[in-house]
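The structure's right below; bear with me while I get my questions together.
Residue numbering begins at 1 within each chain, and the chains themselves are lettered A, B, C and D in the order written.
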Amino acid sequence: MGESERIPVGIIGASGYGGVQLVRLLLEHPQVEIAYLGGKGSAGKPYWDLYPHLSHLVNLTVEPIDLEVVASRCQVVFLGLPNGLACDMAPQLIAKGCKVLDLSADYRFRDLQTYTAWYNKDRSDTETAAKAVYGLPELYRTEIQSASLIGCPGCYPTASLMALSPLLKQGLILPETAIIDAKSGTSGGGRQEKIHLLLAEAEGSLGAYGVAKHRHTPEIEQVCSDLAGHEVKVQFTPHLIPMVRGILSTVYASLRDPGLVRDDILTIYSAFYRSSPFVKILPHGIYPQTKWAWGTNLCYIGIETDPRTDRVIVLSAIDNLMKGQAGQAVQCLNLMMGWEETLGLPQLSFYP
Amino acid sequence: MGESERIPVGIIGASGYGGVQLVRLLLEHPQVEIAYLGGKGSAGKPYWDLYPHLSHLVNLTVEPIDLEVVASRCQVVFLGLPNGLACDMAPQLIAKGCKVLDLSADYRFRDLQTYTAWYNKDRSDTETAAKAVYGLPELYRTEIQSASLIGCPGCYPTASLMALSPLLKQGLILPETAIIDAKSGTSGGGRQEKIHLLLAEAEGSLGAYGVAKHRHTPEIEQVCSDLAGHEVKVQFTPHLIPMVRGILSTVYASLRDPGLVRDDILTIYSAFYRSSPFVKILPHGIYPQTKWAWGTNLCYIGIETDPRTDRVIVLSAIDNLMKGQAGQAVQCLNLMMGWEETLGLPQLSFYP
Amino acid sequence: MGESERIPVGIIGASGYGGVQLVRLLLEHPQVEIAYLGGKGSAGKPYWDLYPHLSHLVNLTVEPIDLEVVASRCQVVFLGLPNGLACDMAPQLIAKGCKVLDLSADYRFRDLQTYTAWYNKDRSDTETAAKAVYGLPELYRTEIQSASLIGCPGCYPTASLMALSPLLKQGLILPETAIIDAKSGTSGGGRQEKIHLLLAEAEGSLGAYGVAKHRHTPEIEQVCSDLAGHEVKVQFTPHLIPMVRGILSTVYASLRDPGLVRDDILTIYSAFYRSSPFVKILPHGIYPQTKWAWGTNLCYIGIETDPRTDRVIVLSAIDNLMKGQAGQAVQCLNLMMGWEETLGLPQLSFYP
Amino acid sequence: MGESERIPVGIIGASGYGGVQLVRLLLEHPQVEIAYLGGKGSAGKPYWDLYPHLSHLVNLTVEPIDLEVVASRCQVVFLGLPNGLACDMAPQLIAKGCKVLDLSADYRFRDLQTYTAWYNKDRSDTETAAKAVYGLPELYRTEIQSASLIGCPGCYPTASLMALSPLLKQGLILPETAIIDAKSGTSGGGRQEKIHLLLAEAEGSLGAYGVAKHRHTPEIEQVCSDLAGHEVKVQFTPHLIPMVRGILSTVYASLRDPGLVRDDILTIYSAFYRSSPFVKILPHGIYPQTKWAWGTNLCYIGIETDPRTDRVIVLSAIDNLMKGQAGQAVQCLNLMMGWEETLGLPQLSFYP
């Protein structure tokens, strides 16, 4: 396939960390070309002014957000904007024939009342929202293939659901006992000027936030309820870790059948993820390090059972900006376009 | 009190991180003087050869371990050795009239069978062990005051028990639902040449270890069972965090009475720790950062309840080398000697 | 001296890192009490709202900046404001009888034209500026003792001048060959919401900034010229290091007499700093680590000569927020008040 | 080219950081296949036992070092061993027809007396050593193309020479004024169990080492002398930075012609590196961040002149394990085999 046949794609909201990961991935993706980079605060600037290390590879200028222009130039549009903005743009872009992948929370919820309750914004795009597919390929691969609008999952939900799904789907645990203790690097907070994200504040320290009220909770619960076949409430606690990238989710749940041992569960996970090229189930006694996933679209999963307490403990590690955000969006793009699922997505980290 | 009236103390195993914290604290403690520093591998070296930043303050040489010499020179001896060595030394030191504070696991267990099961070492010092007091002043202050042998708690148990104790003591939770997700800086691994503790390996990464089998589990359970009045099993999972110092314990448990709200529990904690000068209960919605405790003997505690799940979540932060180790040992010393509990112990961190 | 006899001091600009270090130090200083904390953006907030770890120790509220109020309440005022503001306040405070210690650049320059050239601000407080003393006690101890206005040195100049001064004072080097390659933790950038100070940006990375044009250059040169007895120009390059605190200055210069060896120079440094309790000259072959100075007012100095190139290399390490800022200001206060120079100033770091 | 036509390559000393980078790069290199991984301490272990994140990609076992076996199976052999071992193996491998790329210091020196003087090892492989080419493609591209033995440069010399070479080659500076202040992440110390490389020691700290005596000095000087056409001595000081990867070299030198300005020098550098695809000269006022090069084979160079001091300051940033080690070795391999110089070598970092 020649250069001229590449699919033109655009990114609205290209200046943040999600944006720059998308730029990075799409530059090396063999089937696409970046036809538009848009932003509000940085409109008019050469893109390498934001990210000088790209000066030899990207000579695009950040353009103002004009949906007419975007739609005329791009077949696919990624939206990397703060919550509450995509829902005003996606309907128009779709009406103009674009496929849309939204990285915000706007199209993650089947029930817009849940969205409104947790995100404090009323929504009128009910019709568009009804078409959106939750972009977690390991669970919704078929739906994604035929979708024109993807609500890309949050970083924490991705890591947490990868760990929890087989247990819920197979009915192995008592759902109400599920506790997710999640830990994230600070890039999850975005390229935003916030005091608590300064190196001087965050380095050498560790703390929880959003305890019992983080907005990723209903997103996790929506999928868990899907899998369990009834409404599920989970306990979810995020923590900020003094590192740039990576999420580790430590998931606890009580086994329905205490006779189940680690090997049984390993087998079940391997089967569940058999067709999922980015999921790596680790052998006995090996627990994932987030750095193993750095820069890749992989999810590493380690499993342990505790015969003393009849619980299963599942650990999942991802790169929050890749499998937790931009990488997963490209994975969805591959599926939507009928390309190989792994196209253009790194599977091999640099280590250390 | 004049210089000559200071109590002479010794440290066996002075070369590690526990040792150097003790040296740091005892140098500024108004009632003691360091009369002996002992070690095996570093015997014969000036102490500042191990820690050059102390060259202007410590001119002692590390001496070989000779218990006769130690006992003749010191009224109090701190043991900072690997597990399984203190139990061979403490009986002799006590017989010679020394007070002993052991930083290893050797004297933490009331039931030596538990020790043997988890630490793979048979013990013959039953009589000595029976006299040992578990050195967590917030729970065993009175016993410590009259003890001659202290088994200083592990770092994880300290953080975890500070968070859990009021709940168990007051019967507020279903004990079997308690889950402790703990996170520690790498100094908890000691000044040891281990690959996984290298900056190149641990920096920028995060992982669990010892899942469902860490040796601090039975130590936590022993105290929990004490408080609950019946045998309690807890789920305990430690994680290695890319930072030097600090432990955060995130503790989850189901409330016995779902009507209990955060304010009730804050009140109960404040009452429970009323006479404990190192415990700081944080106001609503503030969760502890480990860096706040850096270099101090403090334990910060934050509390949240989740009405959606009827759970309480308690977060406790300490400096693993201070309240989690050397600082707590000095706190015990103060109690044993009848001095003010806070003597010589920092309560104010440098931040950031 | 009783509590009631403590000297009342105030801090204008208490919300930044310099401010919180001052609060930390003054809280434990035996001769002062904090009578006023002032700020602009944070006026009206309880101080612990900015720094929750202090909630058990500080119950002051940040007040608006009203110089009448400040002067009526405080004998000594620390100014921790951005450059260009102190010069509007200091004249009034001094006129009202306060002693003033300014942490900004406003009173560091003897020649206000230099200030104006590098800081782009015209000045009319010539008379006040003429009274200001440069607050580097190791060089200007006597002048500080009788001063009422101190221009506290920048962090880089402090580290660099500690390393260079004996060489220049004794005429050991060719001044024009002096090169200062300085490295600082990110707290030197202040508690400011800046993208490049985010952990996600600065962690795991390293770069220079302000090459050949950093504002600390003329400050260093002013003192170097003083010491050399003629105008000296130095090369100064600052670098941002992925750590919170600490500055290392690596200073290179060609020896006037190539016959001079390391031991000679060690002897000269030891003599030069004989009466300076915070300077620690390291023995042969030991080079300072910034972490050794963490939280203290110390400056560690290591020295090497290179017989292959006839150069001397001097390495100095300080905590940029202590000896490089707040600690040094308190050291100056001690001298101004006739107290012991080391009063209330830590000399012993926690390590690691 | 089909899978079966790939060139078989081997790595002796595959367990260290150099080894794992080579494995990472060669796995994705389109023209080679890894036919042998050898090691001493880890012989007999599956390779993923050392690096579990590779378990889905590498199923090779580390084999004992048997040169017969290696040569029979591999056309090209990388040696990733401690200094002083390659010189015993390379002659045999070359005699058996292998091309050899040595990552140690053994074949970096034209004059074995220099090697012996700095590395304390006598050498008898004079004939083999005479054939070795210094593997810095930007300077010795032609020689590398026809070489059968490459002495791959050290990490510091790579960064430093990339910065210095155009200045020396064009005679723009006074060579004896050259000072190299270099800063490296801790992975440069290798996957070795050393106290000073522990996170607990190195994190949050910064220091120099090997001042005036580091072994990379003669290696830098050898090339500088080549370029200058006469013997050159440089001042080289390495520093350990609390980060995993990356080297920044800050190079200072006095301009021969003080009239030269930054733009002139930028032009000269651009011309000098015109045919070097991995060198990126940064525009005015932009200085390199080491993280920009993370995981790539790039070298970013920033340039400044100081009209106040008539000096030029050049800053170069590389990934010490890539352009500074394994990446550069693969770059040499590409040249030796007549492949495109950039084949299989990343040019685009993940950021942040």
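Here is the rule we go by: a residue touches a chain if its C-beta (ideal position, glycine included) is under 8 Å from a C-beta of that chain, and two chains touch if they have at least 3 such contacts.
Here the structure is a predicted model, which is why all the values come from computation and not from measurement.
Peer 1: Tell me the fewest steps from subunit A to subunit C, where a step is a jump to a chain it touches.
Peer 2: Graph distance in the chain contact network comes out at 1.
Peer 1: Sort out for me whether C-D or B-D is joined by the greater number of C-beta contact pairs.
Peer 2: C-D
Peer 1: When the centre of a chain is set as the mean of its C-alpha atoms, what distance in Å lies between subunit B and subunit C?
Peer 2: Once rounded, the distance between the two centres reads 36 Å.
Peer 1: Counting in whole Å, what is the centre-to-centre distance of subunit C and subunit D, each centre being its mean C-alpha position?
Peer 2: Whole-Å distance between the two chain centres: 39.
Peer 1: Per the centroid of Cα atoms for each chain, what is the distance between subunit B and subunit D, given in Å?
Peer 2: Result: the chain centres lie 45 Å from each other.
Peer 1: Check each residue of subunit A and list the ones that touch at least two other chains.
Peer 2: 17, 185, 187, 191, 200-201, 203-204, 242-245, 289, 291-292, 294, 352
Peer 1: Can you name the residues of subunit A that touch subunit D in the complex?
Peer 2: 17, 20-21, 24, 27-28, 51-57, 187, 191, 203-204, 244-245, 280, 282-283, 286, 289, 291-295, 300, 321, 347-352
Peer 1: Which part of subunit C faces subunit D closely enough to touch in the complex?
Peer 2: Per the stated touch rule, the residues are 176-177, 179, 181, 183, 185, 200-201, 203-209, 211-212, 233-235, 237, 239, 241-246, 248, 250, 252, 287-292, 294, 302, 304-306, 308-309, 311, 313, 315, 317, 352.
Peer 1: Please output the residues of subunit B touching subunit D within their complex, sorted ascending.
Peer 2: Interface residues on the subunit B side: 17, 185-187, 189, 191, 193-195, 197-204, 242-244.
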